[in-house]
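Shared between the two complexes below is chain A, which has chain B as its partner in the first and chain C in the second.
Let's turn to the complex of A and B:
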């Protein structure tokens, strides 16, 4: 913005510090479509061999990539829908409705929002075992959605707070019920919030590793994160090209979402979650 | 309760139910589990009573007399009325039973063979050897390796052995034989006494301090430098530094493995200069720490970058222009205009990330997994590995819960502190419809 200052020292400093990341990104793609001679990183040929996991039959004892992808998709979508619908009603109640113990709920919400949920995983593991939801996709989905709720309610409450009261008053004067007012008049007003929270929850579900790994380790409920990690830790040949191909496949939705919605993303991650 | 209250509660109910199920219940249950000795061995539901060779061994260590141990560990056969009735019910001939009663009643045999031999000597014994062997089972009084589902069954089996135990010994025997979990506060004693606890505490301190310093410092660097760049270039660098945050952790750590492993980029590059290849992620404790801090720092810096960038953008342009007119150089501009405006975001980021770094372990689990040795085993990872992820096989839920409980308590206290930090009162504006 400032013409008084030279910008090349800044470009140099930023460029140098970004070298490790840029190298990693570049070779993430390069290694999946080329072959290099051993001991060198300059490719000498094109090869799509490392993508064979997409069409070849899976190794014995390993689920097929497509069933894992379907699991991941179900996991991310259902947990997003659950978290979204619960946050939409909960946020509205906290922002606008008459509630007993309202102050108490709000205080609890802030405490939960900051509370590190990962510390609860041991107890959640035992609780799921006791109620019989251990090693099922349904169990992990429920846990994932529930853990997103404090953040979701918090964000949605913020969006509801900015909706003018006059809109609701007008609806009520015209004879609509509170429920109709919420559904027909208020929800369209918080559309940006729904988009932002939906994207956030989907990305968070798509990337999740620890919850599925601990709560549903079986092959039937495996998701992409767990699939890739077990591929890396079981493999003795260190076939980075193969790992990276699976990784790039795994990252496609994330990159697409980033390209389409990057404004929304910067806003919601700025709201402060995750270390 | 008014109708409007019910309407509000109805809207709140799904959130409340899920919160109670997966926040409140786990917090309470972590506390509850931390006072048990639950593990893979004890199971999480109730247990049974079983005297196994291991039980016998620990009883011997406790100084039980030889006679009681003998009877507990050997298979003994006692000819009594109960056994005779069972034989009658099993369909053995009355003459055989009468003969046993008259010749063997009241005798005790230690070992199946002795008893079988005694039965073979009888004249009215069953013709098939299989039936004879079956008959011996009816008189068996051994408790070794027999599961008793209730304590009453177990006690009555013990009493038929005539062990002559003192009350204290009987209690100890029952406790040792129980296979399920029990209430205990031993987990906390153990945590205080084990050196590995202090190691994990020190590791957590190192991890939080260095990563936090990197996150805040580098976040500031990114925010200030991109602020001075034209918007196109700034967006490019922000994208590069934002991606680690949204890429799946498994994939992000995979990139680092490729960079640091002995077959990876850095080792191959350095080998051209005569440096032998090493797995830099696990070579020495220092190497591991540098990698762990950078892995987390590259992710964490983007949070600072986003928060600080928006704070810098809200500084009135006229202030910056005025300073330039007054001849301030760039360093003075940063030092006297930008940094003072960032006091609050820096405080917030520091407070928020201290807690989340203290309890997070995902990237460490995926990269060094606490190694080499336990050099990067932070408290949160330590608890996780003890309870849910150890290759030794016995997962100690109770002990892990006790370690996690410490983090839960820290989490609650810190969260309450945030409640004060945020201006709480300003949030509770009453609803305006329906007063």
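Let's turn to the complex of A and C:
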């Protein structure tokens, strides 16, 4: 590449165009630990005051950041587990079993996946209220998991399709039941898919905003996205440094996960394409 | 164990793959199901191991009727064409898997696995994952896994198709050795007649869902009951001459040449069409029944040389001879056919049995 293609013009162009982005990210973090005079880029002092939400008691009527974080964690984990368990079994069924209406299910999955969540929200709201799950973490977890499932089933079906039939046939003739074959022989082959799908579902749950905002706005079931929004919608005390601090706090797990698992995340494109 | 398949029928939807097939294997016998692709040989194999349900008929392992028994309880060992090793397990775990499913205790498993590994010569490879094994080694692991729980029958689905030529030769004799050493009843599915002839006690040639001939390799080669069988067995393949029976012998098609098959009885009456099959080893310079043609192709095979001889009517005869005959492409030659080795077939492809006049 070096001999017949100069790299510096590209680097220069990329560098110039990403300067605004880099600046924004840099100041998002810098502003949370410094104080600057209005209108100035140069901070004139260090202060961790905007991070005080981490250790100070919350204002009356406000949930503590730690209970909100715990809620977010539960929300992301449980909806991931539910979506994973249905995707793993449903994807297998669609890939391998002679289901009636198989084509209908496959088409339905795509349609459901393409359906914008927001168009369903009034119906979901009514349903949750009727069954008494409105403003509970359980209710919004169920909704989130249900909406994750079409994508998950579709991705897992693609992974299952790449597992050779012969492995299952060999397992059966070796005396294993269909379930054991799935559990011990097939699941290990789709391990990359499980990892990738799990991380995707977790990140999607972690960053979910609109569902908890509409379906569980109360203090008991609040998640970080809603907490952040309530900060900015509070006109009486606009604190941008605190808003940025919570934003950074909210983003840290996501950044860590991307750094640790980026290789696994790429798998979803490598393995899931043969569906 | 004696295996018997009675009136086996298999359909997929509207397509009937096998109409009515019966087959029985003696205990300890190795049988080849040989045929072109799509003849139903793999379907038969999958029905025997229980992966496909039989549409009709009966399957007996010894005295036990296993027609409706699910695959898990049939006790068959299968080696698949791509070996189907479990990629996430090492060789030891692969071989031990059937025993672990049966919940045998660890000591027994270890003992059985090391015995079978010694039998197939892979004792030193047990820690490796399938991806770290060569094709031949994977094949041995697959064999070991199929044999470790002492199945009633061993099924081999094109086991050599994925190996290179040298390994194929080696594994051919290895599989036969292992089969004979364990005394297991085995079925080999293949489309390669050399494999079938060299490895098996008997061959069942299949065509379009039916067994067309079932016999020992030697007998099948010498006495094929149809043109299909004759053309399927033999390498280089048999050559055919079309002709019409006359009083003096066989008049070759669109030619003046007359093969004076006077010494034969069993020829059909005059005027009937006939096909004569002549194997390359029976078309040699020294034989008496001469035909004349031009050498149109020479293939050197090392020890031997293969010649195609085009006759004046366009038919081609093949001859395989030792090196050093001194013949060249384009030479006009007059070589002879071994009269009593000619295989004659009627227009429908059925064998006509001729014999020398006493």
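The rule we apply is simple: the second predicted complex is superposed on the first by the 257 of 275 C-alpha atoms of A that agree within 3 Å, B and C clash if a C-alpha of one lies under 4 Å from a C-alpha of the other, contacts with A are read in each partner's own complex, and residues count from 1 in each chain.
FYI, contacts are C-beta pairs under 8 Å (C-beta built on N, C-alpha and C of every residue); 3 or more make two chains touch, one makes a residue touch a chain.
This structure is a prediction, so every number in the text was calculated from the model and none was measured.
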| item | value |
| --- | --- |
| Overlay on chain A: chain C relative to chain B, clash or fit | fit |
| Partner chain in contact with A:14 - chain B first, chain C second, else both or neither | first |
| Partner chain(s) touched by A:188 [first = chain B, second = chain C, both, neither] | second |
| First (chain B), second (chain C), both or neither touched by A:54 | neither |
| Residue contacts on chain A - larger count, chain B or chain C | B |
| First, second, both or neither for A:26, with chain B first and chain C second | neither |
| Contacts of A:256 with chain B and chain C, given as first, second, both or neither | neither |
| First (chain B), second (chain C), both or neither touched by A:176 | second |
| Partner chain in contact with A:98 - chain B first, chain C second, else both or neither | first |
| Minimum C-alpha separation between chain B and chain C after superposing on chain A, in Å | 6 |
| Shared chain A contacts, counted only where both chain B and chain C touch the same residue | 169, 172 |
| Chain B contact footprint on chain A (complex, rising order) | 1-2, 4-5, 7, 10-11, 13-14, 17-18, 20-25, 27-28, 31, 39-41, 85-87, 89-90, 92-94, 96-100, 102-103, 105-108, 110-127, 129-130, 142-143, 145-147, 149-150, 153, 165, 168-169, 172, 178-179, 203, 206-207, 209-210, 214, 224-225, 228-229, 232, 238, 240, 243-244, 247, 250-251, 254, 257-258, 262, 265-266, 269-270, 272, 274-275 |
| Chain A partner contacts - residues on chain B that touch it in the complex | 1-2, 4-5, 7-9, 11-12, 14-16, 18-19, 21-23, 25-27, 29-30, 33, 38, 44-45, 215, 218, 221-222, 225-230, 233, 237-251, 254-259, 261, 263-265, 268-269, 271, 296, 298-300, 302-303, 306-307, 310, 320, 324, 330, 348, 352-353, 355-362, 365-366, 380, 383-384, 387-389, 397, 400-401, 404, 407-408, 411-412, 414-416, 418-419, 422, 424, 427-428, 431-434 |
| For the chain A and chain C complex, residues of the former touching the latter | 164, 166-167, 169-177, 180, 185, 188-189, 191 |
| Touching residues on chain C, where the partner in the complex is chain A | 46, 49-51, 71-74, 76-78, 80-88, 97-98, 101-102, 145, 149 |
